[in-house]
Structures are given as structure tokens and as C-alpha cells.
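Chain lettering (A, B and C) follows the sequence in which the chains are written, and residue indices restart at 1 in each chain.
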Amino acid sequence: MSLDKDQVQHIAVLARLRVADEEIADTVDKLSRIVDFVDQLSQADTADVVPMAHPLDAAQRLRPDVVTEADRRNEFQENAPAVSDGLYLVPKVIE
Amino acid sequence: MSSSDLHTQGLAQLAQGLEQGDFTSVELVQALLGRIDAHDKELNAFVTVTADAALQAAEKSDQLRRKGENGVLNGLPIVHKDIFCTRGVLTTCGSKMLENFVSPYDATVVERLAGAGAVMLGKTNMDEFAMGSSNETSYFGPVKNPWDLECSPGGSSGGSAASVAARIAPAATGTDTGGSIRQPAALTGTTGLKPTYGRVSRYGMIAFASSLDQAGVITRSAEDAALLLGVMAGFDERDSTSINHPVPDYVAGLDRSLKGLRVGIVRQHFDAGLDEATGKAVREALAVLEAQGASLTEVDLPNLDLSVPTYYVVAPAECSSNLSRFDGVRFGHRAENPEDLLDLYCRSRGEGFGAEVKRRILTGTYVLSAGYYDAYYLKAQQVRQLIADDFRKAFADVDVIAGPTAPAPAFRLGDKTDDPITMYLNDIYTIGANLAGLPGISIPCGFASELPVGLHLVGPHFGEERLLSTAHQYQQLTDWHTRCPEGYA
Amino acid sequence: MSAAWEVVIGLEIHTQLATQSKIFSGASTAYGAEPNTQACLVDLGYPGVLPVLNEDVVRMACKFGLAVNATVAPRSVFARKNYFYPDLPKGYQISQYELPIVEHGELFITDEEGNEKRIGITRAHLEEDAGKSIHEGLDRYSGIDLNRAGTPLLEIVSEPDLRSAKEAVAYMRKIHTIVRYLGISDGNMQEGSFRCDANVSVRPRGENAFGTRTEIKNLNSFRFVERAINFEVERQIDVLEDGGAVVQETRLYDSGRDETRPMRSKEEANDYRYFPDPDLLPVEISGAFVESVRETLPELPDEKRRRFIDDYAIRQDDAAILTVNQATADYFEEAAASAEAPGQVVANWVIGDLSGALNKEGLEIEACRISASDLAGLVNRIHDKTISGKIAKEVFEAMWAGEGSADAVIEARGLKQITDTSAIEAIVDKVIAANPGQAEEYRAGKEKLIGFFVGQVMKETGGKANPGQVNEILRTRLSKS
């Protein structure tokens, strides 16, 4: 099943990815090929098959409710592109 | 043993040499740093070389050894795939997105190896965010195969494989999601081990596809792999998917005889898609096993044909979500002068990620999106269960499943980059093990057109011991794993 | 609102669970810290980090499930809800989708006619809270504080069984009481530990199909919930009566203007692309675990209310008021248990004068200036007629001011009621003698002058004479000629 440009644009917005105009056609083409390829899955008979949750079928471990982390803000914010007074900055959001 | 020969030794030998005082860790590290200097320009296997830190660590290890305090890996140099977070050291994941990212913490794998005394020489180049089978998607340029500099070393752990093959590092860590350790090992004539899913902690290993990723090693021999796995493996409370299963002494288990080993062969693996010379080398390797008392049986994995499409639904789906955290806000690449929030996200991510990564994110977003989830993601997880069941049934009758690791030897750089599907089919033999969470190893077994060929062995869950002993016994009888590419001896 | 329309409301309540550390990391959940000082690598969504589930979170969810008669799922799964927003560091929220930890519960409210009404609880699931955005004072920027990111939330979803804003508030109050009784949440709405989203729609009365609904988000007070729903209902009815259609959208309540308005959407399309989180494994809860949690359940509000009515013979309304808050219920019970007076008298004091005194100073009952046993002491002294009800008020004030127990105050201020018959007779005679004219008029038939005489006797006795006895003796004495 091939994808069209609008679909790809929509997915790109969902994924917050800017696909340059000059790349769009190629992206649509390659994605269509990939989707065509994975469409093979419809051939499989999977009636009553439980989808895999974990390869080893294990259950979630529980951790005791204890505070183990100290404040390392300064260290972490060395990697941050834009901070002010300990806050991470993004272009203003209006709700 | 002069320092000019140190690079020819594997970990086990080096450990002995250090123990005996034949040389110091500092001498060893210096020798390797010299080789990296000499060779890496042409190979491009490294993103970061941590020369000063390595020498300091080597010095410390020498001191400890003199005091009689010796960790299992004390003073032994290794390199880490640049997907493992290393505290205070650049961790790029082969991407522009993390070009300047200095990790504030160590991955568990890094911690454990350093804790046992290993000395890190640097971080190796890789396909961007582990997505690729040729190491051509790295932001830092492709890695070259030391066997033929016009060829790819495979991927995504291309830098790790190339550095071990070129003898500029004795051993390397890698990660394997669809074959990213085993395939480059096969293409570079090295030994690559992917453990059982949950055997080694994923904490600190930058996530690509969470239910498939696993940390492993690329080494010169099964013996070296056993040594490293023993240190890396084991439950980690910081990783919920890590399994609490006892870690055996893999080194002690290496001597198990091949006699009585039941080897399964998947008929479909030897069909038209397989390069002739590759098939021949693999069949000869199987004959060696047989001669030692192993028996060969045909096994059927009826759903294996669907393993590549299954993988290319599950892996992109998980990665599309895992990579959402890269948004230019708390770390990583941020676009200049964003107009608004949407622009910040779209441009930071658009600029920071390469084409293959973007493609996989888009694919993943698509297969999870409303209306498509059932047909793709859900379906893929069901087929995955079928594939895992096929393996489980097969392992009732055999101990290991053997075949070629890759359908052909190393291909020329640039050859497969046009069509994504062609590239994806490189992983056709390795992917099943990831889907089922099984351990797999690739060991050198010959040559095709003067390029290395790998024999692939898959075992049942926690079957690493048998894989390693089988590989080790094979390596006692053959010398493929000792061959060195010209110019790197 | 016209009787032609029926309102349909469902509430989604997010309550922060009172754990020390976050749901998936070991960072602290304490309120009020400096920005980003309680956001560890896991909370920040750093590359390579992984979530590990907090045991107490599971316990608390289980407790809630049992308290509302729900099924605790033996196997539940965490799912990723994918969307982009600056306060969501990973670009997805770890929540639960197809297999939540609690399902099919119920609770009972009293509707506007005074009847008990069952409200279904569809499910309750666990998820992590997002961080906070600050939009003021940063020029062209918004500032993100991720301290709150990763705080455990229990999202409680009701069936669309509520039929009015008042019912919605009653339900919300009930949930609020329950989570505090269970000790799983402090329910502090100002601090954001208890938030409500309301799904509101209308339909012609008699119609079975649901109308289009809107979602009003982030209501953090009972009053706002009521007002917002009322506004929205009117708005929807107006739209429909004008021939229009209700748009399905998310809205915010503006308390300043008392209106709801559409929210600028958080993302272009609400396609959350839910899938099971591969970093977490299915949560398996054994029958034994559930039973061990059941043993820790306190007496729940409804049980306690019924028991108060049975054991202390108090009115239904009063029992309801006393059991809203566990601390108040405990206080009442301690006082009532040690009082000789009937429980209703104790209840009156707690609900009346005591609550009044607390409210005046903005105190919670935990900070009450009179202990439960001291209150019982006061009530006992009225009951045994040591003091009159009127004097008791004075004693109460004095006790509140710290002058000690009821007995101590009565003693110190000499407030003991005069009940000695001969003493009262003497004073009555004195008063009658001093007021011969009024005595004459009374005897002539002006019966209501008894009030005047009672007043005079009370004045003479400083209010301490037992009013009943005074009345009786006066009448006897006055009728003698």
C-alpha cells in the first residue's frame, strides 16, 4: 500500500520532523516501499495468537519507595541549550 | 614480546602478559594509541579517543597490580560503541543530534567493565542511533572495512568491528538489535556475541528498539568474549527488562566437547539469496563440527520469512517513540532562533537526525497511528510470537541452530544506500534471534572473494555457554579467527 | 435549565499518590522545591535511562480498588501515550491503556432528592505526571520545571452516570474523602494533588444516545467544578436550541469570568499512538497481595457513617458531615465514647461551636485547641446539670482560649449552676418582694410576665440558677397569694 504526500506530511507533523521540500518526494517513495514491504505481514495467520509482551515472559519488578536521587541540577543543565534560573526555556506557549 | 607486537594479542593473552609482568598496561595502552593514531584516519572507526584518561587508568591499574589487587580485566584496553553513555566523555550515538552531548553518567556496561579494571581507549563510530547495517549513516562519516577500505565493515557496530579487526583495539562493546554485532563481526572476520535479551543491562545504552536491543561484544575469539560477558552479564535493578538469572563462569565452560552437539540447519537459509562462496565456507564449517561428533539436523522455522518485515514494524515503532525525547530542550541539538514551539521541535529534529533515522521514525509513527496499529504493530507482535514459538519448538530437538551470518561478504560502500529494503535484507539471518530474544554468535569461518565469512550460531534462552564453547572448540581446530587484514599485522 | 434536557457528566479525577519517591525513579516528590532540583535523569528523559516501578504505587492503587469494590487486575500493562509538549520530557507519558490496574468499581452518593445513588467507576489507572510550565516573566519564553514530572498519579474515571453539577460535586467529594481516608493522597487541590476533568454533554430527555461531549480540563476546586459544569450545560443547550451542533473539544474554565472556553490544542491531532511500553513488564498482582492490602484498609466513610448512626444515634446528615474527614470522625468518636451525654449532643458541639471556632482561625481539626476528651468533659457538665447550656458557651470560649478543662474553668470562674431549691426559693422570694406591682399583674392574669421574673432571678444569680427550677419555683411562689 503506497503512501501519498499528504499522509507523509501528516506523519511528519505527528513526529515533529521537518522534511525539507526537496526531500519530500524521495521520502514518500522510500516510505511507500517500506510499507509495501511490511504489508507481507497480513499473510500470516495469527488468529488467537497473543502478541508478545516480553521475549522472556517476565513480570515487572517492584522497587521500594525510597528517595535515592540527590539534586544534580547544575551538572545536568550543563547540557541544556537554554536555561534561566533553573528553568528550561522554550519559545512561549500560549494556552 | 615487544611493544610492537602487543596489538596482535587477544585479551586472554594480554591478561596473562600483564600478570606475568611482560609489559605494563601503560605500555600496552601506548602501543594501541599509537596504532589508532596511525590507522584511524583511514578507518574512521573512532569518534572520540580518550588518550589521557586511558593512560591515567592504565597507570592506576599497574599500581593495583603491583599491590596484588587485580580485577578480572585489570589494565586490559577496550573500546565502547558510542551508544553507551560514558560519564564526562562525549557520547554521540553517531548523530549530529548528540554531537556535543557529554553524558553525566555511565552505562551499567561501562561501569561494570571499568569496575573490573578495563581501560577505555575511546568511543567507536556507529550507524546513527544504531540504525543501519553498513555504518554509512553515521554523522561522522562511514567506517571502512580493514579488509578492503572500499568496503563497509557492516553495521551498526561498524567502528567496534573495524577496530578489533584492524588490531587497533583488542576488544569492543557493541549493541545488537537486528544483527548489529553479528553482521559486522562476520564482515570483518571477528567474533561477535549478542547475549539473550535481558542478560546484560540496557541502562545507559541509548535506546533504539527497547524490546530488541541488547549489549554484547566484538572480540578476536570466543575466549575473549567469554571473559567480557562474565563481567557484563547479570541482573541490574535499574533496568526493568533485565533478568535475574545466575551468571555462569563462561570461561570455565569453554572446554565442553563438540561431541553430541545437535546442530540445526534451517533449509531456507541456503537458498538462492545466499552468495555461493559464503554458502560453501559455512558448509565447510559445519563439516568441521560434524567431524568432531556433532550431528546436523534440518529444522523448520516456518515463519522465518516474515522476520524482516516483522522487525521493520516493531523496531521503527519503538524507536519513533524512544527518539521523541530528542527535542532540543534539555540536551542535544537545538535549532537556532525557533519561531515557536512547533518550529523548535521540527527543525531541531529535522536538522539533528539523518535521513535513515528520520525514515524509521516516520515508519514507526505510521505503523502506530490510528487505524494502522492493529494491522501493523499488533500484527507484528503476534508474528513475533509465532517466530519465537518456532524457535522454541526447534530447540526441543537441537542445541544450536547454525547458518551463515550474512547473505554475502562485505559490500562496497555506497552500494546499497539507495534502496532501504535491500539494506534491510542484510539482516535476514540475524533478525530472528532478536525477535525471539535468543543469544547468537558470529565467528569467522572462511573467505569469499578474499573477504571474511561468518558462521552464525543461535542458542535457546541463556544458552550463551553452549554457543561460546562451540565457538571456542571450533576456534581450536581452525585459524580463521587469527587471520589479519593486510596492512594491519 | 429546561426540563426538556438531560445532562450527562463523567468525571476523570487525577489524584497524586502520596509516595516519597516518583513512580518510575528515586527522585523526591516533595512539594515546593526549587525548579528542577527534584528531576533526576529518568525524570528528565535522558538518553539511555529506564523506568523502574515503585512498589507503594501499586499498593495504593490496589487499596483504592478495594475501597470502591472494584476488580484489581491480576495483570496490568503500562502503555506509552505519545505526544509532544515541553512539560513531557520523553515525548510520551507512561500511562495505562488497554489493561488498567483497577476496573469496574462503584461508589454511592446522595442525590438532590436525598436518595442514595450508585455511580459506576469504569477504571482507575496509574500514570506519571508531567512537569510544569511557567509562562509569565520570561519574555518570549516559557520556562519548564520538571520537578513534578514522574510524580505518580491515579486517574479515576467514572461512568457517565452523573446527571447534574451537584451530583458531580458530590461524587468528587466522595472520591476526595476516600483517597484521604486511605492515606493514598493528601487531596490538596491548591498544590495540585487532586484535579478533575469533566466530560459534559446534554441530550433531549428520554433520548438514549449520548450527545456530543466536551471536556473541561484541570478543575481544581469543588466550586469551580460546579460552576464550570453549569456554564457548559447552559452553553451547550443554547447552541443546540439555536439549531447548532456542539463541537467536540477540550475547554478550560476561566474562574474570573465564570465561563469555559476552548483550549489551544496541545497537539494538532490527538493521535496518541498508544502501545505497551517495552521498557516495563506486565504488572502481576497475586491474590495474596490483594488480601494483604485488604487487611490494611481502614473503616471507610460509608461504613463509619452507618456505624455512627447506629452506635451514637445521631442524625444522618450529621453523620455524613462528621465522616467527610477522618480526623474529624476520630475526634467526634473519641469525645462521644467518653461522654455520658447522648452522641447527638456531642455531634452538635463538634459541628456547631467547635467547627465555628476552627473555621474562624482557619485551623484543621488536628490543630484543635480543645481535646476530644475535654470537649466530652464540657458536654458531661451540661448533661449532669452542673452548668446550663448558656453558661456552657462561656465555658467553651474559655477552654478555647486555653484556660483549661471544663471543670477547671467552672471552678475558676465560679460558674456552677445553682440547683439548690432553698437557695433559689430565697432569691425568688426576694425578687417577688422587690417587684410587688408586677407580681400583682401576674396574679391578675398577665402570665407572660413570668419572663420578666425569670430574668430578674437570673440577674440576681449571675445567670447561674437552673432555668427550669427557677421557672417552676417562680410559678409556685407567684401563684400563692
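The rule is simple: contacts are C-beta pairs under 8 Å (C-beta built on N, C-alpha and C of every residue); 3 or more make two chains touch, one makes a residue touch a chain.
This one's a predicted model, so the numbers in the text were calculated from it and none came from an experiment.
A count of contacting C-beta pairs for A-C and for A-B identifies A-B as the more extensively joined pair. Taking the mean of all protein Cα atoms as the centre, the chain whose own Cα mean lies nearest is A. A straight line joining the Cα centres of subunit B and subunit C is 58 Å long. For this pair, subunit A with subunit C, the centres built from the Cα atoms lie 41 Å apart. The distance from the centre of subunit A to the centre of subunit B, with each centre set as the mean of the Cα atoms, comes to 23 Å.
Among the residues of subunit A, those touching two or more other chains are numbered 13-14, 16, 54, 58, 60-61, 63, 72, 76, 82, 88, 90-93. Counting only residues that touch two or more partner chains, subunit B has 101, 104, 211, 237, 240-241, 324, 327, 329-331, 341, 345, 365, 369. Contact with two or more other chains is made by residues 41, 44, 46, 52-53, 84, 86, 144, 271, 273, 278, 280-281 of subunit C.
By the touch criterion stated above, subunit A contacts subunit B in their complex at residues 3, 7-8, 11-20, 23, 27, 30-31, 33-35, 37-44, 46, 49-52, 54-56, 58, 60-61, 63, 72, 75-76, 78-82, 88, 90-93. Those residues of subunit C that touch subunit B in the complex are listed here as 41, 44-53, 80, 82, 84, 86, 89-92, 144, 271, 273-275, 278-281.
Interface residues of subunit C facing subunit A in the complex, by the touch rule stated above, are 19-21, 25-28, 34-41, 44, 46, 52-58, 77, 84, 86, 133-135, 138-146, 252, 263-264, 267-269, 271, 273, 276, 278, 280-284.
On subunit A, the positions that touch subunit C within their shared complex are 10, 13-14, 16, 53-54, 58-69, 71-73, 76-77, 82, 84-95. Subunit B makes touch with subunit C in their complex at residues 84-85, 91, 93, 98, 101, 103-105, 107, 202-207, 209-211, 237-241, 317-318, 321, 323-327, 329-331, 341, 345, 365, 368-370, 373, 377.
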